[in-house]
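Taking it in order: structure first as structure tokens, then the write-up.
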């Protein structure tokens, strides 16, 4: 997952918490009447994604195939898209965003419901990908990539193979000062909650406070909090062990085969990044066409080979070469294995508490 | 005169090392043969090659140049008029303060204020809003530069012009402005440079497709570290240096002539 | 005198005033004052359900400022900005002093040399420090090879690293005003003082320091204000382990989307700023009084 | 900006209404090019011009003389259009200037600082005013060349002001104003920035140019010698009022009050009271009353040094001892002190050599003198 952030979060989930708690159903405004036969060559869309989270020439290929014009914008965090969308017309047509944040936008009526008639390639998805808790039935979003959060490490530097969140939270002396954690609050709290045996989406204040104590004890042993460049730190040898999203660990593996990924034995999360269409989009046919294009098995497998993240597209994953899975073992994770992990769900009214704990940890001496 | 204390000389030398050490590091690392931005692995020009073929970066540079050029041009025109107006047509101290507030207010406040206002008025964020944000502080800098110069210029020059038959605006155009030229150029250059470098206000006011160079650099530094950034930094240093030398020469020459 | 005839000056001055001041003041009003007023107004409103603000008077956000976590961040920011300012003074004063005593042609070169790093991109300049101070970067490597250190210094991603970054970015803003106050014609006063038999340290205490006080105060403000509002340097050099006021403000707007609270924090920062400028005005008035008396 | 013909600029005024009102310095109708009537200007509590009246005639060289702060510069600037007047009228050729901005007044000012445009060459500076009139290029070039030749600055045409000496700058400033052929040329302390030698040359030069171009000159100066030697008529100003307006000889021989007597030329000033036909001096007792045209009762007796003669001790009106003798070539000044405590030193000027030396006892005699009142106008 690409939870790219500009800075450690202070209150990221507050918005989500309120939004999800207040509104279970989406799309009250009803879908706009769409014309399946619209002339796409007269349409142009802006697609906002994280940097290098899709093949560079994907937009151009889509243009060539459909005739629609595509402009690419970049955002650094889920919160940035939420902020832009709630501020008014962002000019964005299609956005790539975490499923939980997509649900928050939908609750505010900011998303256009997905019209399945215009996305026939939805049929390519794993059946399980239709059951995800943030958007059962994929009514307002279409899954793009999914995966887990775990430990990414340089086996040659650690000298052993870690298998527990405690290897990160209470590092051995030889790797102390050479570990990093993610600072986005839900994922900052994840290792502590899991190591204590709690749910990754707990709303219990006492459990959260226990997790905070763990994180405060861990802070002095960290090199830094890092949401984005941890794999580069492993490659350079600056860090030995980092908390990482599986696909991003693969970037490190590309540069150094000694880098390995492991899901800690205490368990972790299942996250999903999705594509959504903004209500303000003026070219919704082209937006749908773009999403449908991505779901094409050839394209989506090409995407996975390019970004090294698993896709929820069965047809696409079936086309992935065994060599790639050998090089990046976590791409071979089966759907069953993935669903052994606890999918992230919204934390409702506990959102501000997560926010506060994240600030207290980051501001602590 | 008493000699300068030795400890002062030592501190000064240390300070210059402090100022230039990172820049020298940057320049050396830009010729890195490897892809690790921290560790030197052989010497090559590969990152400069990447730089010139990096479409995204070139697009961001274009946006930045547009923002800096438009905002500093507006600032030069509006700011010069404002400075002259403040000096010659009013004695209001509060108007003077209003005119330089954007130069002293923290950028995060300016950026947030603009973002909040654009949101409230449903103005779509984009290149125009970035230009608007930059024009404000650029104008404030031009005003201060021109004001400083006006304070030391002889007001009878303008009276002489009117006396010889020029109207108010002809006088500002043909006499005041040329005399102020070094200050206007200095203020404009300052505004231009600050705009090229400005990240905070731009980050709050830019739309989804209007990333300026600092925004791109920030996201690269945060997410996609490669020695390409070192190469870019080196090029920017060279360009700044050349601009500085040319600018200083020009101002020096003009300054002498109109002194 | 015929009363109905307006003097030309009133007409023409009005026209000139409108033409000259109009565009600039309009610009300032719309793009500087209005946003500021809006931010101030937001501080007294209610947080919107999905972020932003909704009309309705509320002082809730003000109570939050007093919570220990925010007071802690505020205090930490003041400490970091103060240390940065004091270090800038400790380095800036000697540098300004040495430059002011160089032969005139070298003075200009030295000043340009001070400003030059300032004219390079702020982010890249800061990033250069990340490269330099990195545990596997050239400084640690070099020192280790020289045998000075056996372990990396671990300087990066810490509060000291943030202070180094701030100091680096704003040092020229301390040197220039002090240089300006030292290089003004009052230099002869110092020579007069030594001529009258004052010993070097006394010349310093009685002459140079008082003379440079306006520059020191101005430089202090120039360093302190951007330091306390900065969030980029803590981001890049603090490794997320150090939080300054600027970070919290930015996050209130961009991620937490609690605009009223963000506005309250902005007002706290502006209050510090206004207090500093007021102190500067008082100090410089007292000082000029002393010098002219 | 389009140039509006002069006759449209100056609004006609009702001459009859104000003709001759409180003006003792000349008739408004005959020969009055510029009329200043009842002009008042105050800056807060400070009154710079207080009911100023004067008439400047066509083609004369007029001087406004007074110490700094007397209002002369304010008056000059009001005529040029740079100062608003609170009340009163300034008429040029019978037309009220009040609503004309400086650029539309057929009046030019030569600034004390010269105010040469630093970014233009000498030729450009001089051409500036003509270009503003939208004159044909050929005419501008011809007139600039002519005036530069007249001012003997033709070789400076390509230079910039910063490359000129003070005297050269002054000539350029003058040329720049004259080339416009104004009806009135105002000169603000024209010679004050010059060295003594250049200043003496320029005095002659200015008079020559005034004749040559036939322009009315109004000069402001604090230097009485300059005013007396150059001007046809001089208005002496103090405290915002015209104390006296007269020819240089008139001012010198018939000062209107103590201020004028003291400011214009050197004089012996003896304080005292007028009796039936004597002047009772405070220090020298009863003296003959020479002339008292204004019927002053209490004031000062003005004795010009050249009117005081040195006579044998015991003779003359006052007895004194020579304290100093200063030889000037054509004349000699003798300073004499009387034994009366607190009495002023007396000054006599004799042509050629004086036959006395310091320490000599002498008598001082005079036949002419004038009693003036102390109060300002």
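Per-chain numbering from 1; labels A, B, C and D assigned in written order.
One rule holds in what follows: contacts are C-beta pairs under 8 Å (C-beta built on N, C-alpha and C of every residue); 3 or more make two chains touch, one makes a residue touch a chain.
On a predicted model such as this, the values are computed, not experimentally measured, just so you know.
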{"item": "Chain connectivity with chain A absent, coordinates unchanged", "value": "one piece"}
{"item": "Neighbouring chains common to chain C and chain D, by label", "value": "B"}
{"item": "Chain whose averaged C-alpha position falls nearest the assembly-wide average", "value": "B"}
{"item": "Pair exhibiting more inter-chain C-beta contacts, B-C or A-B", "value": "B-C"}
{"item": "Most distant chain from chain D by Cα centroid", "value": "A"}
{"item": "Inter-centroid spacing, chain C versus chain B (mean Cα positions, whole Å)", "value": "17"}
{"item": "Whole-Å gap between the CA centroids of chain A and chain B", "value": "38"}
{"item": "Chain A-chain D separation of Cα centroids, rounded to whole Å", "value": "90"}
{"item": "For chain B paired with chain D, centre-to-centre distance based on mean C-alpha positions, whole Å", "value": "54"}
{"item": "Contacts with two or more other chains, residues of chain B listed in rising order", "value": "37-39, 115, 119, 167, 169, 218, 222"}
{"item": "Contacts with two or more other chains, residues of chain C listed in rising order", "value": "12, 52, 134, 136, 231, 235, 250, 253"}
{"item": "Per-residue overlap in chain A, given as positions that touch at least 2 other chains", "value": "6, 87, 236, 238"}
{"item": "Partner chain C, residues of chain A touching it in the complex", "value": "5-12, 14-15, 18-19, 22, 77, 79-80, 82-83, 86-87, 104, 108, 177, 180, 183, 219, 222-226, 236-238, 355-356, 359-360, 362-363"}
{"item": "Complex contact set, residues of chain C against chain B", "value": "12-13, 15-17, 19-21, 23-25, 27-29, 31-36, 38-39, 42, 52, 90-92, 94-95, 97-99, 101, 112-117, 119-125, 127-132, 134, 136-138, 141, 168, 171, 190-191, 194, 200, 203, 225-226, 228-232, 235-236, 246, 249-250, 253, 259, 262, 266, 269-270, 273, 277"}
{"item": "Residues of chain B that touch chain D when the two form their complex", "value": "154, 156-157, 159-167, 169-170, 174-175, 178-179, 181, 257-259"}
{"item": "Chain B-facing residues of chain D, complex", "value": "1, 3, 80-82, 101-104, 107-109, 111-113, 115-119, 128-129, 132-133, 160, 162, 176-177, 180"}
{"item": "Complex interface listing, chain A residues touching chain B", "value": "4, 6, 46, 48, 50-52, 71-76, 84, 87-92, 228-229, 232, 235-236, 238, 255"}
